[in-house]
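Shown below is the structure under consideration.
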Amino acid sequence: MAIEQTHDVNELRRRQPAFRGLDAGHLACQGCGQALAARLVTEATGPDIVIANATGCLEVFTTAWPRTSWRVPWIHSVFANAPAVASGIEAALKMQGRSTKVVAMGGDGGTFDIGLQALSAMLERNHNVLYVCFDNEAYMNTGVQRSSSTPHAAMTTTSPPGRERMGKRHLRKDLLSIIAAHHIPYAATASVAYPSDLRKKVRRGLAIDGAAFVLVHSPCPLGWGHGGELSIEVARLAVQTGIFPLVELERGSVASAMALRQVRPVADYLKLQGRFRHLFDGSPAAAEELEHLQALANHNIELYRLRADTPGARDSEGADTVRRGGLRWA
Amino acid sequence: MTEIRIHGRGGQGNVLAAYILAQAAFEYGKFAQAFPSFGPERRGAPVTAFVRIAAIPIRRYCQVTQPSFLVLQDHALMHTPGITDGLPANGRILVNWSRRFEPTVGRDGHEIVVIPATTLAMEYLGKPVPNTALLAALITLTGLMPLEALEKALALRFRDQMLEGNIRLIHQAARMVPAGLWKETADARGD
Amino acid sequence: MRTLTRGAYAVAGSSLELNTGDWRLQRPVHLHQAAPCHGVCPAGEDPQAWIARIAQGDLRAAWETLVSANPLPAITGRVCHHPCESACNRGQFDQPIAIHSLERFLGDRALAEGWNYPIVEPDHDSAEVAVVGGGPAGLSCAYHLMRRGLRVRLFEAQSAAGGILRSALPPYRLPRAVLDREVERVLAAGVSFVPNHRLGRDLSLEELRKDFAAVFLAPGTGLARSWDVDGVVPDDLRNGLDLLMEWTSVGSLPSFRRVAIVGGGNTAIDLARVLKAAGVAEVHVITFQALPGPGVSSREAMSATAREIAQAIEEGVIIHDRRGVRRLIIRSERVIGLEMVHMKELERAGGRHEAVAFEGTESILEIDQVVPAIGQRVNPQGMEALLAHREFFESDWWGRIASHPGIFVGGDATGRCGTVSGAVGDGRRAAQVIEAFLRGTATAEGQTSQLIKFEQLNLNYFDHARRADAPILPVERRDAATEIEGGLTSAQVFDESHRCFSCGECMACDNCWTLCPDNSVLKVKDHCLDASDYVFDYDHCKGCGLCAHECPAGFIAMVDEP
Amino acid sequence: MREAIEGSAAIAKAVAMCRPQVVSAYPITPQTHIVEGLARLIADGDLRAELVSVESEFSAASVVLGAAAAGSRAYTATCSQGLLLMTEVLYNIGGLRIPVVLTCANRAIGAPVTAWNDQQDSMAMRDTGWIQLYCADNQEAVDTTIQAFRIAQNAELPVMVCVDGYVLTHTLEPIDLPSQEQVDQFVPPYRFSRALDPRNPISIGNLVTPEYYTEARHAHHRVLIRARDEIISADRDWAAICGRAWGGLLTVDGPAEARVAILTIGSVMGTLLDARQARPELGPVKLIKLRSMRPFPVSELIQACEGLSDLIVLERALSPGGGGIIGAEVRSALFDLPSKPRIHSFAAGLGGRDMPLEIYARLLERIAQPEPAQFAIFDLELDRLPLQER
């Protein structure tokens, strides 16, 4: 495998123009959306933070002793308590008169489900903490079991399609509305397919003094059943179809929504993923579920007024379009 | 060692009464201990609190089973079943009742002294809190400690008019009972 | 073996010591594929390359990149039929890049700034090559020979170089000042220029072969093809190119009332517009070719530049396409009308194409003059041996003539291209093989590499944006002397350059660097300019292929690990 | 300064004098008064600390974990169901070896639902990898709380201070409260060697594979054992300052020639002392007070049991289906002795059942029987049970 490197990469790493709080050598799957999302978050936060990480893939693949991929102070306690640990860190830093920011991180399991109580309390106490949820829509760390974030009709090992079932029976939990009900200063959804937008939202969440929440859609090639090279493509389609709207909430009410200038059919998104394969077997039940998912996307599009009036760009206001010299990457 | 059981109802400052009495004893230079009947407290429900007063350090933490004195924060408690349990024959009962009469003898032959603690409290504090008047009456009857000790204990809890009102109140209450009437019971137990 | 830390903590970034590169089955590599605009340019330009320089804000570098293929951008930027724009991948997204206007902008900027070619004059002892004909092919060949360190003597029959550009291109398409200065810059680069020397009259091929290391012939097509209808020819028949030349040199034209021009090339259209501008009441163009448009293949379509045809129609020229002249109506030796018939080229057995006239579609056109503009042929004078009675030279794509080593040809005289940019390309290729011939080295045979397809690009990263249009003189204000098409402003040019997809070439967008989940694409410097500024860290890259999939330009490919 | 004060209030003041920067707790009787006391001190500005009022004990433990890891002294208090809800985090704090201090106002665990005192809750946390100290009275509770902060910091381990709920927390009695100067002199400013700090960004709480997990557990076990020295020196040094010593790991009270001893833990000690004084005719009896449950003082115990014929272990918890918890540990500690006493293991005072003075005499009667009690629940009224469950 050994290849002649054209440069001293270690030297190059030291000289990279942007700070990156999550470095190479982690053990994430090829094309892991979460690994990328987490790194992008640290690019926006900079080095002066402390991270409290819930149990999950991120924790496991970044910190197998004796190594760590983190370049910021990081602590993992247990599955359900990241928001509370973060609260404690924040209280301590406040008492020490430090300006260091606290970021809590968790997957959808740790956020939508087991950690929701601690998260709600952290938001209610309005700690000066940014909570980032990397949403890959199932319990991936334990081998792809359904979570309350798993989309309706998706296949997981605990919501398998069969003669009687079409994947997950229940709807995906509307976490954002739950967060909104806490009336916190800032909440947003972001996608790993839109790095500039993601980093912008992280910066905004970090800038405000108080609790902030960012939900980041991060594809899992293993759990979603697509090639690693498609992680961005799939995440982008989730946005372009209206399945995963990119919105911002100020004090619980919608302040902005990334408009879609060319809405794509949900099937475009689904057919790239093994977890929805059973929806394309041509059966009437499958057809119904396809329509159901399309209806859910349409609902989002109406709810958040995602349809842009101006024609043009394929996705959304040209967010994260590129140009020579990388000038568009905020 | 003198052991006292105070009966009252949740919200009447029953435990507080026990604490103040123990604090007063402590201020007087005695050893003392006060604690409530354990468990969740509910407003209006009958509750009890205990006080131990002794000349030597008190090490035990067991319940008070044979008190020498009962303090009843309202006369209705007289009818509570088992109210006098553990009270020895020479045990004495102090009752808060608006009706005034001379010392008398209860159903089980225990001597009873009555004072209108609530009436007094309304008069001096403008609040229906009988406990400090009862404490003043008790230490006057038993001679366990001078009234000044109680004043010091009150000073730790109250200030301004509340304190002044209470000082005047306890002196008035003290005047209303025969001093040293229960002295011999108080001195009965040596342990 | 390690010593356990208290509570098993770990120090920052220690995972770097783990080489996750072992996981890799495929590896990302940078892979250049030619952009369509490059692939189809007759002059051999790589527009994508010089547009990149514009986008980087370095116009000088952009121009120098451009002139490494084409020394006459201010000219081609005006007269070229720009197949690059038809091939541009962006055409399938919204509208093609305005490559033609960008080229003209650079050409004009170079003239305004007085930029010189980035070349040094050849040594006096280096071999000298004779170039015959100062048209675009000759000028291009001379220029490229000099780039290669060879001396050039350029023989021109006229008093000034330029060839067809000078003799037949109307100033509203190519202002003389532009022509003169472009030509002058080539000559000033070190050509020894010999005007008023015509092969066969003032010098002979044998002399040239004797006195020069090699000879490049670009004489153009001096003679009009003979034309008649069933043997009938009007006395006063005037050839189209002659008329055009007469007008461009003398500026006068015979007075007609109704003219029919036969032919569908640039000469026909130019002449039609000149006549119309000169006040001729009716100007008809009759051609068996078709007006360009949807469903019309390039081989059926009129060979004239599409936008020139459009402008001609705007100006009132009447075009009868897919027609043939069946008969001339002659009275007292003068033509008073002609009979047209609808025609179409049909494919016959064996792939032969044949023009078929459809009976019953004949019609009469009243005219007082018919002008054939059906193309030219080489004037054989002094080159009879090479031509052997053919209209054009028989040569390969490089301009080599079989069994005549040391003699090379290009431009219209090959009968291949018939466009200015084509001629420039001929000259460039010829210079290449001439050098190889003189130095006894081999030439890189074959065409440019595989062209990248629209489907290979990732278009999610591009926003729709309007193409920059050049200003056009309104019909009422047009005259034969004033240039009709204007140039773009620098602002327009900069924006337009950023519309380029950079097909098949790194555009330094930072996508790979930003999107690598394994942090295994590194930058060599803060602001990258091209692929050389990105490095794959193969020690850690797991080969997921995300960078390749998300590269907007299709510049990253995944290849199997050895 | 000595004052008559409620146990909870005294503990709150002791905690405050150790200058915690972050306090977090969730209300549960009988712990509540402690945190209410701290809340009042913070409200009056007598204590400069962040009070994080969480939504559960699980979060309370997590908050102090985070705070202590971030470089601030942190304190929490709870008991019973609340302590059990903390369990996962307590193991985590133990394993990470983060120096927080927790007061457990011991209370029994349901079902059957109960709100009264015993020590089942902290005994259930025996294996969390925390130091566990038990207090016999409120004075010891105050002094031990102060010592706990220093022990935690020097041993870099969490410390759980166990005080009997109600019995101690709700009892008002004369207590010596040290001066702030004395405490400052004894408890060093908080320092945590692995503090989360951007200036030295380490990762805490990493995944450890089977390759190293065993060693990690061994290390944890060793530092807990070694913490005994910290506990002993803390007690000694504090005595030098305030004149009160609590015997470090355990204390022995009684005549050397006594051949019978009662080993117990927590507040029943005082009752037994009074009872022994009241019943001299029952002969000489040693009273052994176990102060440190973790680390378990094996050598001190062996020493204390020299020459004994009978050792009664009296505890306020049990392992159903097993028996006495401390009883079993004492047995295993003494097992290798050439001449060991008969060991009688009893559980009593469960779920708030009073332990009266008389229990002393009854215990001594019980061991007069030829067969030692392997394990028995004392003060049992069997006729309150259906026959098949007696």
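The chains carry the letters A, B, C and D, assigned in the order they are written, with residues numbered from 1 in each.
Here is the rule we use: contacts are C-beta pairs under 8 Å (C-beta built on N, C-alpha and C of every residue); 3 or more make two chains touch, one makes a residue touch a chain.
None of the values given here were measured: they were computed from a predicted structure.
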Quick check on this structure: which chain has its C-alpha centroid closest to the centroid of all protein C-alpha atoms?
A
Maximum centroid distance from subunit A, chain identifier (CA atoms)
B
If you tally the C-beta contacts for C-D and for A-D, which one comes out higher?
A-D
Chain-centre distance (mean CA atoms) for subunit C and subunit D, in whole Å, is 92
Centre to centre, by mean C-alpha position, how many angstrom separate subunit A and subunit D?
44
Length of the line joining the C-alpha centres of subunit A and subunit C, rounded to whole Å
50
Counting only Cα atoms for the centres, state how far subunit B is from subunit D in Å.
35
Where subunit D touches two or more other chains, by residue
96, 201-206, 208, 212
Interface hub residues of subunit B, defined as touching at least two other chains:
none
When you check subunit A against every other chain, which residues touch at least two of them?
62-63, 65-66, 68, 70-72
Interchain contacts (touch definition) - all pairs
A-C, A-D, B-D, C-D
Note: in the complex, subunit C contacts subunit D through residues 2, 4, 6-12
Going by the contact rule set out above, which residues of subunit A touch subunit C in the complex?
1, 3, 5-7, 9-10, 12-13, 16-17, 20, 22-28, 30-33, 35-36, 39-40, 62-63, 65-72, 195, 221, 227-233, 236, 311-315, 318, 320-326, 328-329
Subunit B-facing residues of subunit D, complex
3-4, 6, 29-30, 115-117, 137, 164, 166-168, 170-174, 267-271, 273-275, 278, 352, 354-357
Residue ranges of subunit B touching subunit D (in the complex, touch as defined)
18-19, 22-23, 25-27, 31-36, 38-40, 58-63, 65, 191
Contacts from subunit A onto subunit D in the complex sit at residues 47-50, 52-53, 59-60, 62-66, 68, 70-78, 80-81, 83-96, 100, 117-118, 120-121, 124-125
